[in-house]
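Labels A, B and C are assigned to the chains in the order they are written; within every chain, residues are numbered from 1.
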């Protein structure tokens, strides 16, 4: 998949630098012609957001900001999953020190992505539940391939999407759509997501999704980059500040939640179900 | 009307308990099969929200929360009026002690309904101006029977919808629609309300409206109820907190308003008009 | 243009008083029949918002409030420009005392227009970029003549629309539309503006635009004016308060911005370009 993508980009867009080191869970490729960086999540099988993937995402975002890239396109190396969201193993029978580091890193990574100075777009080439949807809605634009689903489905799993997941969701959806979907834990198909505004465009393949994301980033070609980034950050300031002001409370709330026996029991049952599903396949 | 409804529900949904005492202004019926409670306002002729109806609404909401019902459907025993809003007699030549109790109870009842832990829906089977619209927009879903009207028409009566009426309105309508309608005191027909998003569906009868509300509540069947209610309450937290923080000021503002001679004069003229209208009929 | 308009209004609406003094940059005409005031910006060639025009706008708004007019329609004496926005000469090589007075007046004028107690509408009879768009979106209704453009295009000029420009923009557009347009510095054609909700109606001429604005103001005919204005001001209170609380910081931010050599250089190049363009014509 990545190879095909590389060939296509090389064919259409000229030379490209592969920046990231190979032992990371993310790769960053900058197209030298367009100046746009493709940030690919590469933690098989489902891009579960564990501490290390979140750390690598953060350092890749920093890298792209530092490289003065013209934009950032977030995508996945999997042909069917954009990101399955938070890695449940980080929450099941957790080591509390690691759990604390995990959640703090999630906050850190979100602040970097949602507040990023460069234009951001998500090429959603697979399912994108929960934390996957958070990443997608934290970008400025979303292009999605058909026959996948996206949404904040936390309530389906007995969990509560934090306030800042809601902020990112509300930056895209009207209030009444957002509340209903959050309460239902609704997963939208690609077509439903387009209709409701959760995504901006559809594309028939990952390659086309990336091209459409690049076209969106291209709309900023004649815009002063500093003015653009300060405008974006001012627009998002209240949402960003709300988490910054409440990071400690937000962390404590999460630690309290994962320490609940009922949640642990639920996660245990869920993981058992996953194992059986895998065995059957 | 209620009888027909009862027969139909019994026919379609099996046994049902009638919980509330008969001398209340509200009734609560829980469908034992679906676990959904129907909360009916029953203060003829127009379900004017006076102190007693607001108290009974609050205790019925508490009852439903306590019974672990699967959901709450708010409706009216009148065939033409959902609720005509605040009872003007509570504001005309008021006893200030009762007036204080009245407004405090309105706040209390709204906090309970808007922040309710169970899924809520309104089967709007009649006109729903002002306070009636507040109750409807404080639910999570609205199904309305044709040929009625709904809206916050306070400015038409020389009054100002409080900030928290606006919050509930804004949880449903886009900002520009909400502001214009509030300033105009606009009443929407069922069809207009559907088009603008003030209601979610129409239904040809009260029974069908209740069925559609029950179907909406049914969408939460596979959702963890605790996660759902905490998600809803977090989503609505800022609106709820705004009133909680300002309850005293909000009460004083109301008491100041009703003590204005101009308002009293206006209410007097309005009530005279109502009397003449009734005589003519 | 103004003359034609006058004849038409006189023909259709009876006697009209011209209130403002002739040496002002704005005129106020009150239609004695409808009680609606037309506030015309008249600073050729482009209604650049300099200190004096902003002062005259503010005093005209005050005049209209004081005259108990039934409404305010904001328009332009130019056949092609509603307002080109802030006068760049106020920012290029600025005298800091005047610059301070300029920005403070802009704040003052906006607070008066956005918080105006009378119904407000904009008859947008020409291009309306940046500050022009701010004025238009601060009104309660917008009717626009075809083949013009409107938008907050600050980022195209290397500038940042202040928070309160964003508030007025967000009072009209959904959040995702508003953010994208702000970041892109997008100018909408009349048709695009209608589709996205940035304007409410189109009209084939200035006269028709004024008629449609008057029709909007007419929807308040049966509404209590005091209740209406208190409702509007309560609805807009948070936006107004945000600037009131931050006026000093907002001013300092502007003064810091205009003192940046990069901005001065950019403005210089822009002004050179304008001069050449004028010479060519």
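Heads up, the rule we're going with is that a contact is a pair of C-beta atoms (placed from the backbone, for glycine too) under 8 Å apart; a residue touches a chain by one contact, two chains touch by 3 or more.
Keep in mind that what you see is a predicted model, and the values were worked out from it rather than measured.
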Connecting every touching chain pair, does the picture come out as line, ring, star, complete or other? complete
Taking shared residue numbers divided by all residue numbers at the interface, is the value for chain A and chain B over half (same) or under half (different)? different
Averaged-CA centre spacing for the pair chain B and chain A, given as whole angstrom: 39
Among the residues of chain B, pick out those that touch two or more other chains and give their numbers. 174
Report the residues of chain B in contact with chain C in the complex, numbered from low to high. 154-161, 163, 166, 174-176, 178-180, 182-185, 266
Help me check something: in the complex, which residues belonging to chain A touch chain C? 119, 140-141, 170-172, 174, 197, 219-220, 222-224, 226-228, 230-232, 234-236
